[in-house]
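The chains carry the letters A, B, C and D, assigned in the order they are written, with residues numbered from 1 in each.
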Amino acid sequence: MSATTSSGGRQLAGIALFAVAVACVPLVTSSGVALNFVMMALYATLIAQAWNILGGFGGQFSFGHALFFGTGAYIQAIAQLQGGINPWVALPLAVAGAAAVGLFVGALSFRYGLKGSYFALVTLAFAEVFRILAVSVSFTGGGVGLMVPLRESAANMQFASRGGYLWLVLAFVVAALLVTWWLRNGRFGAYLQAVRDNEDAARAVGVNPFRIKLAAIGLSAAFMGAAGAFYVQVFQYIDPSIAYGSVTSVEALVAAIVGGMGTLWGPVLGAVVLHVLADLTRNLFGELPGINMVIYGVVLVLIVIFLPRGIAGIGQSVRQLWSAQGKKGNHHE
Amino acid sequence: MSDALLALSGVSRAFGGLKAVQNVSLSVREGSLSALIGPNGAGKTTLFALMSGFLKPDSGTVRFAGEDITGHEPHRNALRGMTRTFQIVKPFAAQTVRENIAVGVHLHERRRGVALARAEAVAAQVGLAPQLDKPASDLTVAGRKRLELARALATRPRLLLLDEVLAGLNPQEIAEMMPVVRGIADSGVTVLMIEHVMQAVMHLAEHVWVLAQGQLIAQGSPSVVTSDDRVVEAYLGHGTAARLRKAAAGANA
Amino acid sequence: MFDFSILFPSLLNGLTTGAVYALIALGLTLIYGVLHIINFAHGACLMAALYAVYFLKERLGVDPYLALPLVMAGMFAFGYGLQRVVINRAGHGKDENILLATLGISIVLENLALLFFKSDTRSIDTAYSLSTVAIGPAMIAVPKLVAFAGALVVSGLLFWIMGRTDLGRAIRAVAKEKEGAKLMGIDVDHVYAMSFGIGLACLGAAACFLLPAYYVNPQVGGGFVLVAFTIVVLGGMGSFVGALVGGFLVGVVESIGGLVLGESLGQIGIFVIFIAVVLFRPQGMFGAKA
Amino acid sequence: MQNRRRFVSQSAAMASAIAFPLVAGAQPKTIKVGVLHPVTGALAYSGQQCRLGAQMAIEDINKAGGIKSLGGAQLEAVLGDAQSQPQAGAAEVEKMNEAGVSAIVGAFASAICLATTQAAAKYNLPHVVDVGVADQIVERGLKNTFRFGAGYKKSTEVAMANLLVLNKAAGNPAKTVMIIHEESLFGAGTAALLARELPGYGFEVKEVVKHANPTRDFNNIVLRMKSINPDIVIPANYYNEYALLVRTMQQQKVQPKAIFSVLGGAASSYKFVKEFPDAANGIIDCNHWFNPKDKRAQDLRKRVEAKGQFFSYEVFMTYTAMTVLADAIERAKSTDRAAIIDALEKSTFADHIMPYGPTKFVNGQNQGAQPLMTQVVKNDIKVIIPRDYREVEPLFPLKA
């Protein structure tokens, strides 16, 4: 027990260290490239970690997480444009709205016992339905999209420098990490993983899988909603294909899986590694459009072939090897 | 009937045309250790599923501790005090033994640390203490059976439904497991087990129900039940009992 | 709201468009429905097949319909190799890994096309590209009629392979009980690769029927993937009749939906039906109850 | 922390001193210019065409002696890929800023331009928009943003006015209109404007059809066209859908009095005309177009075609945007960003291949920018309106 508690403590310390270290980035550099890179990597981390809550811990693979991202983004934009609401006030609405859509889709899917690829495809279909609706109704601006007027001030959640946005998204990421930490160190997380590993066994010992999965999708969607709101604040523009297109859904799940599902730091690693990879290949081969993405795709396949448990799996393997050798050593003594 | 912890009356369930369980009525006395036996395909596991809420009966009622729980979800029944295990073990493979057991402890304990700590005591009770921090996927078949048991036990049930905890074990492992089950019953938990290993049934159970083709065909103490012609025939085929008796008489003469 | 006289032509149009969808879905239902591989690269593979058809026509003057056996054989070989060399090794028995692997493959294929063929949209001109046949008040394009017939033939062929050949029996055995099939001495890896190959061969056929009335560019596949998955689920996983009828149905729903709701909003019909089917009848129209 | 910061900034200064040894003393021999387009992803074709135009312009400017006021300094392209996504475009701006570009030319698509112009604004980095037809791009008060070409409002207005003129001259044969547009910013915006304004010009808008990208089949739309039988069909969509639509019309033998496109993807495309000569014949388009009387434009076209590429509007729009920028740098006599912005604000640049006359930016929009009306005649694209640039007489209506 003491071992587990102390590892939980170490993880918390790790999160704190991460938060402080990243928060210092804008203080030590004013390089727009560096700040933008860190900001976008954090953004990718956020959506990967959001996906990880449902996909990694809950075992429910969503292909349509853009559904929640887009909903958060649209609420953030519409609240400001049509409600005249301050973006800081709009943010909780965006998060709540995304969570509500998550609960709705979750209630439908889990009530009817959808699993595996069925759940994956249903989320994809829902995202597509929302995309088509966003094109068709008027309050989303239809296909023209919505533009939030440019008014740079912290009170308006539009920061003059990338640093401000970096801190904002860092706050979301830290919140997501803390939730993930809680999943690894609390009853809810234990139940969620139990449901993932064997739903019937979990039911037999008193777990209500429907409620657990519902809560997980709600949480996951809430963080996606925050990411959507963040996107609108940074880029001040949203349209149906940015909001509900598959790019965001894919980015979220790839980073989470490549990094290591159901782990605390996996999605962080995945998001950073993929971002570095994408940037590196683009900078090296940017003059020949396509070749950078070919390399990216090849590396992705190689990672899957050689690191089936994701990047975080390397750490686990090394640790296991190390402790196994340590034990052997003990025997010799 | 006041001391019946679990009472089934007229429970039936069919799948398509197949009547898996037909009009079964039985009551399990609080504090007892009893067994449900029957040939393969008799509907024993289906009956367990109907008791624990994994399946809903087409007709009939299930009462637990005096309350009608017919059609209630398994997790609600677990909270009331009835937990089942599975014949085909279902460990949370990605987690350690301790974490597996803690899921059960969590039913009555919110705190993670306490749950993980208590898992230790439960593991000791079923003889899993040495494997406590191994991944569940590393356990042997016998280990997994113990884990299945431990996880259910961790919920502090009043009634434990054990679905063939001895199946697939070698004689030595069976011999090790039997006192564990005995111990659980002695600690005050009512146990109803589905079992094929007759030696265990004879030793452990004080009351036995026999299910064949979805119907209860006999009940009573193990010795009474095993000498019942219908039971012998259910296991070995029509007319077997008479033949066996004749053969026995011949041998004696 | 709309002119009823165009209902019949629109219906026929939906049926013939659906034929191409069905062809794409037939390949997918084998890969996804039978082997449970979510093939994200299905669209990219279709794109590859379309380029093959394009270059056969433009460089060698081979008519798309005559190219059919060649493209099907090529796609079969490509699929067999892809499954054997990449997907099988990447899978590690985990759905999420297969998913990522096929996603990686699709990224590679699309960008290889971008690299070598540039992003130009290309189309071919054949003598029959613009010819039509009058069916009652409707004028149906010849390529679409050919595609309709082709879909029927290809699904018939698949049906025969699955039902009457040893390979088909092996595929069904593997799909039903992988471990059992292994014990019976079936080379599971080979069967997987064969299924993948056959699945992509269907795409080859689809490409031959599609290109005379359509176009190809590196992104062209994306537009068909979701529709194909919809059809597979609608028809019932692994059901060839289901994929065929599902294809026609989706074509008609799209066509009539477009008529009633407008082309943009009309697309919603496909997805709403899909969601309803998954929720209320997950075995699909022709699938056996799980 | 203080020390560390100072250290970092000092080393940064040192690094840049090593990288640009001439900063302090003589004028730089090269001037870096960001060339930012979506060369991968869904918009790859247009993005690559744009990049081609920019590179050819730089080549021409450098061959002609570079920026003379800076001692013949050569322009050097810093290429960027927006990957058809706004956020990727914005990230490239950051990179270009740190690579030390003096200005950016890009970024084709409106949604991307919105993100890149704003990202550039933070660094007061001049951004010349090459295409980006959404008018919001220049309506946000960004001082660094200049659009040389026409937006969709202007284009739509010109299109409608000219449609009226054509119709009157022919004795008002056309009364009804059907609009077919793609569902994103450009198509939806254009169509909304058309549907609102056309009735005021005396046309009855029979139907407005919105379609997705991609739309796999146009038979339905053409069927409806058949039953409505509009005099004029107005498409506003991208190349693929445009080509499918017109081919399907040809297949179904639907021949309106005119196909009249606004910023149409294909009717002012040599590619379309070459690949589908029959379908293209007679189509009228209101689009960005070069001055047909300018010999340099024809030369440029030949050079582009010699490279095996089509002389599409993306090529000459970005080509010209680059020359506008070069002119500004020439007059600014400096690579200082503020000076270039100032020079752009005061630009009267007239030595270009577009039919815009002298440049005059008001709030970042070139006031002289205007689309031309073209018609496909005998497998070529010819200007029909305005009269000053007319190459052939318009053929309207196509059938009586």
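Here, a contact is a pair of C-beta atoms (placed from the backbone, for glycine too) under 8 Å apart; a residue touches a chain by one contact, two chains touch by 3 or more.
Just so it is clear, the structure is predicted and the values come from calculations on it, not from any experiment.
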| item | value |
| --- | --- |
| Joint neighbours of subunit C and subunit A, given as chain labels | D |
| Busiest interface, counted in C-beta pairs | A-C |
| Gap in Å, rounded to a whole number, between the CA centres of subunit D and subunit C | 37 |
| Interchain centroid distance [CA atoms averaged], subunit A/subunit B, Å | 43 |
| Whole-Å separation of chain centres (CA-atom averages), subunit B against subunit D | 75 |
| In subunit D, residues with contacts to at least two other chains | 40, 44, 47-48, 183, 210, 212 |
| Interface hub residues of subunit A, defined as touching at least two other chains | 132, 135-136, 143, 289-290, 292-293 |
| Residues within subunit C bordering two or more other chains | 111, 114, 119, 218, 262, 264-265, 267 |
| Pairwise chain contacts under the document criterion | A-B, A-C, A-D, C-D |
| Complex contact set, residues of subunit C against subunit A | 32, 36, 38, 86, 89-90, 92, 94-97, 99-101, 103-108, 110-115, 119, 218, 226, 229-230, 233, 262, 264-265, 267-268, 271-272, 274-275, 278-280, 282 |
| List of subunit A residues in touch with subunit C within their complex | 61, 108-109, 112, 114, 116-118, 120-122, 124-126, 128-129, 132-133, 135-136, 143, 250, 253-254, 257-258, 261, 288-294, 296-298, 300-301, 303-305, 308 |
| Residue ranges of subunit D in contact with subunit A within the complex | 1, 4-5, 8, 12, 39-40, 44, 47-48, 79-81, 85-87, 90-91, 94-95, 97-98, 111, 114-115, 118, 122-123, 136, 140-142, 182-185, 187-189, 192, 210, 212 |
| Subunit D residues touching subunit C - in the complex, by the definition given at the top | 40-42, 44-45, 47-48, 183, 209-212, 214-217, 219-221, 223-224, 226-228, 239-240, 243-244, 247, 250-253, 271, 275-276 |
| Of subunit A, residues touching subunit B in the complex | 1, 3-5, 185-187, 190-191, 193-194, 196-198, 200-209, 262 |
